[in-house]
Amino acid sequence: VENGKLAYQWASNYMSILHKIKQKNQKGNPLFGFKLGLCLHITRETSVLVMTARDLGAEIALCSANPLTVNQEICTFLSSEGINTFAWRNETDEEYNSCIRSVLDFKPDIIIDDGSDLHIAAHKYKSKRVCGGTEETTSGVKRLKSLQTKKRLLYPVIAVNNAFTKYMFDNRYGTGQSVIEGIIRATGVFLGGKKIVICGYGWVGRGVAATARGMKALVIITEIDPIRALEAYMDGFYVKPLIEVAEIGDIFITCSGQKEVIRQEHIERMKNGVILTNAGHFDVEIDVKYLKSMDCNPVRLLPYVDCYSFDGKKVYLVAQGRVVNLVCADGNPSEIMALSFANQLLSIIFIAKND
Amino acid sequence: VENGKLAYQWASNYMSILHKIKQKNQKGNPLFGFKLGLCLHITRETSVLVMTARDLGAEIALCSANPLTVNQEICTFLSSEGINTFAWRNETDEEYNSCIRSVLDFKPDIIIDDGSDLHIAAHKYKSKRVCGGTEETTSGVKRLKSLQTKKRLLYPVIAVNNAFTKYMFDNRYGTGQSVIEGIIRATGVFLGGKKIVICGYGWVGRGVAATARGMKALVIITEIDPIRALEAYMDGFYVKPLIEVAEIGDIFITCSGQKEVIRQEHIERMKNGVILTNAGHFDVEIDVKYLKSMDCNPVRLLPYVDCYSFDGKKVYLVAQGRVVNLVCADGNPSEIMALSFANQLLSIIFIAKND
Amino acid sequence: VENGKLAYQWASNYMSILHKIKQKNQKGNPLFGFKLGLCLHITRETSVLVMTARDLGAEIALCSANPLTVNQEICTFLSSEGINTFAWRNETDEEYNSCIRSVLDFKPDIIIDDGSDLHIAAHKYKSKRVCGGTEETTSGVKRLKSLQTKKRLLYPVIAVNNAFTKYMFDNRYGTGQSVIEGIIRATGVFLGGKKIVICGYGWVGRGVAATARGMKALVIITEIDPIRALEAYMDGFYVKPLIEVAEIGDIFITCSGQKEVIRQEHIERMKNGVILTNAGHFDVEIDVKYLKSMDCNPVRLLPYVDCYSFDGKKVYLVAQGRVVNLVCADGNPSEIMALSFANQLLSIIFIAKND
Amino acid sequence: VENGKLAYQWASNYMSILHKIKQKNQKGNPLFGFKLGLCLHITRETSVLVMTARDLGAEIALCSANPLTVNQEICTFLSSEGINTFAWRNETDEEYNSCIRSVLDFKPDIIIDDGSDLHIAAHKYKSKRVCGGTEETTSGVKRLKSLQTKKRLLYPVIAVNNAFTKYMFDNRYGTGQSVIEGIIRATGVFLGGKKIVICGYGWVGRGVAATARGMKALVIITEIDPIRALEAYMDGFYVKPLIEVAEIGDIFITCSGQKEVIRQEHIERMKNGVILTNAGHFDVEIDVKYLKSMDCNPVRLLPYVDCYSFDGKKVYLVAQGRVVNLVCADGNPSEIMALSFANQLLSIIFIAKND
């Protein structure tokens, strides 16, 4: 309990906006009588959101949006505080679904989700009490829009992801720091003077590029959208097609949100010792299948670095191509999560008031 | 063995200059017949230096310059390669001295040291075979100069530390990256917009300031040397006396090489939640004694963060005031250590040739 | 003629996109038979737009959107090329209106305007042949929207100003360079270490802030919009209310697009020797009337710097509070104007094709 | 008189260190009874030095160190203040020498020089009263050292140029701003995204590189010294041999202090429309003779831009290859000159006290 509590306290320090929202809404106890069902990445920041909602009167059941990202000490702490916590590290698929069922059995009035697994399950099991919900991610919103198109969406959901204060600060500033930190932590390489190729100049790419330049790296941008490419050019970065810079990059970071950005024709041209990393949400931006087809037995050199050897060269893949800031570092900092979770909390209060 | 070997190979990738020096000097086997006694921080980078020297013909005995920084897997690997390795993690003082004695019993011709403990011991036990040596640090050089003044220095020593390619690159660029990385890794705080007070604008301070600005922090410099202060001002930093900015800083980083830079009168003015870290070699720049006198029972919030509570506020001390980049991160990157160790290797070859 | 031609050629070098649009549209001679009436700032960049439109078949009459910004050599050159040019440096109000009338007497089919003076006149005199037009500025678009609301707009107008490639590149990048250059050219001050207060963090403010930081100035942002203020904070700038930083700024730059941003209560707190400049379109952001009420006889110290003396201090006003990059430097660079004028040219061709 | 006085007052604002030196030394009137002979660039900053020396009791005669850089209004002002001023704009060689003679005829006790023309003349005419002097430039110091070697130096001279506060601030910070400003003022080009090749990474090169990056240019460094090249690399710049980047640079700036840095083999590879500029003291870094051999009749496109046409391309030479910040802009800012002139003034007082 103690470690989880300390981690919760630490994160609280940097999330004072949640505290302010609590103070402003404390009169009337706006969440009193409401049951919240949450399906989120269980981190120290999440515990701050959960505790704040409880302090505003809510009853809460919580499961994890991802079996791999559960912080066990936080689970222990939240349980000790009377939060119904259905989550543990390394759940099996069956356990994962069972946890979601447990949250639904709790009969939530409001559902807070990250990826929409809980929303979809609520629809499947026709939970009748739900009066509204929120969704944190783009991909989760997509799934709900599909339901809406089929006129099967049973309750209104607020797309928290679409808030400017979410995607701009979260994607640009938060990810900018945490991706670069994840790469240093995983590989130990010195970034000064390294040629870092950043694929995509959206909010994430802009943030990563700015931080990489701040570390004195030599940043090269690849971008297929012409206006973004022009923006990158005027921001003072080299802008080139990926195929042309494949052979000169020391480190590649995919930030595009697209599939198979780095493919066979690029990897073939890359130099010996190249490092490949992904900053996008899903592990689809680097063609890992191709790497495995060339070397089915890569060597794990460092905890998060696999070495693929073929064609007389070595290719280092970080975190198996999964999102580097969450796997190799601690994800977005508390200050940034505070902005996302402020939107979540305000949305919950809004739904409760307008029930 | 395997992990140590992989770590050695990883570091080798980024230290190709040692490989080049080896190739250039391979004819004639310049270190053949020489016994080297080394007392260094045992890291993956050190293993690259050791293996290169062995490949040039040297016989080698190795102990650690610091009981806390021993990489056990590297020790195992080096032993498996036939290097006489007298070191293990968490040596007691007695064991530490015994390891140094073991290296001297090996009767080295050349001594390579980091801090001069091995040099001093060689003088104490009047090792007769030593024909020369090197010293990596400023403080080690000081001890040797003191011997020289008393006309008691028994053999010539090259002060590798004084090379421009050592102190400039090591201190400015290497430390610039690793200190900032250590702070993020230890605390998880977001640096964008944080007011970071950097005490001292020497090589280390310049490097840390540049990287902190690159992370979008708001950097404030304190510096008592007027020309350095003017340089910091023209580099676009706020420059103020420490006492005046004590109450506005979010994070303080000491980079001065001086004693008791951050003292009672500063800490008293600091705000609640301030973070104190040290980037200097010794743990003397922050007055930890004062903190302990105010709160004899600090809480360890995170593995490297202690919370001192007094006067109604909390002060977070990172790594107990010890050097943050070595304690909380991996020290200087391989690319930077390669420059220092190139000087070491060239010095060893020079001594051997001029024996 | 020669100087105007050379200036036209120089600008052409950096506006190749207009050349490419010409080449792509040359077949069919899309502007043949169309009369264009233009009311623009007559600069070397404008001559490139005019010559390109002529090469695509148009007949052209041109007057100036501002009597003070006429480049006389460009007028001479354009006249020599057969363009009907009704403009000269320092026109009186009467002459200015007479020039506009001359363009209307030319009976244009398409009107290209900067500020909408020509559009308004065309409505007043009920020009019947006009089939469409474009407008470059925000304020011009406002006047036309007012006509539209009253159902009195006689022909469709494309708001070129609203294109992302106009306001982002023009306002952020172009103005970022030219405002800083204008300040240096007017005052000669060294920017390194200077405390520069930038009022407003819209596109112009962002651009000016980035360039000022690039010159190693110490940048402070004032911004009333909370999300923009947070963005400025995370970009690593000091963010404060203007009233709090009035007494510490060395240079103030208004970039807000609002009226009376810098007022009596701010100026009263400012220090001796402060420099006030405006980067907004209109000369309303600094309360010049207040300055004049305090010192009705300011001294012109340098060609673009007036010194107001009162309350025992001196306040330096640059360019009488008018937009510093156009008055003290050459306005936006050719590369940036090329983007705006590409939109203009494509709009003209679109209108001609859809007549 | 009025304009010169205003310009003097403007510069005084930014040179308060001279005022402080005056205040500190005012007792005892240390320069009373001394005649100073000065040979300096006659700028507004110089007038501040001259007036301060006069206020400390000196009698003064002044001539110009360069016939082209004389500020006529400053001459008029100084004359009106009783300074013996022997200088005017565009002196002939004969007039230039005559002015120097006039200063010697004044029988100075102390000589302050920039280039050593006055010192050499004093030796030629065996001025007997001179008890000491100062010299501002590297090249001037060279000439005096040559005299010293031949044991013909008649009085001690302080090499003001060698002060750390002169060469570091003057060369890095001052030149960094003024060179970039000179290029923008001369050509009007937008620097964002431009590939700027900087030849040499000494103090000037470092300053220009930092400012160019601050303007969002893409900076490439060429440097033959390996340690400086490594420094540039770790500072995050592209570092390449000039011959390899000749064909990709948009703008070249020589900052090397060497002769014929940009030569035929480089110019032949450059692309159409390239801009060549020099930031070094002498006009020898770009091989202008080669350009003239290829096009003996270059066209002056803009006041400071000559277009050489040959081999089917155009090469734009700025300021005929002379130092761009002095020719196209106002040289170093007052704040920077204040540091140089503080050294001058302290040296003069020292000489007077130790006569």
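Residue numbering begins at 1 within each chain, and the chains themselves are lettered A, B, C and D in the order written.
The rule is short, and it goes like this: a residue touches a chain if its C-beta (ideal position, glycine included) is under 8 Å from a C-beta of that chain, and two chains touch if they have at least 3 such contacts.
This one's a predicted model, so the numbers in the text were calculated from it and none came from an experiment.
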Selected interface, A-C versus A-B, where C-beta contact pairs are more numerous:
A-B
Taking the mean of the CA coordinates per chain, how far is subunit A from subunit C in Å?
42
Subunit B and subunit C, separation of their C-alpha mean positions in angstrom:
55
In whole angstrom, how far does the Cα centroid of subunit A sit from the Cα centroid of subunit B?
35
Where in subunit C do residues touch at least two different other chains?
173, 192, 213, 215-216, 234
Once you've mapped the touching chain pairs, tell me: line, ring, star, complete or other?
complete
Spell out the part of subunit D that touches subunit B in their complex, as residue ranges.
164-165, 168-169, 173, 227, 230-231, 234
Would you mind writing out the residues of subunit C in touch with subunit D in their complex?
6-7, 9-10, 13-14, 173-174, 176-177, 181, 184-185, 188-192, 210-211, 213-216, 273, 299-302, 305, 329-330, 333-336
Applying the document's contact rule, which stretches of subunit A touch subunit D when the two form their complex?
192-193, 213, 215-218, 233-238
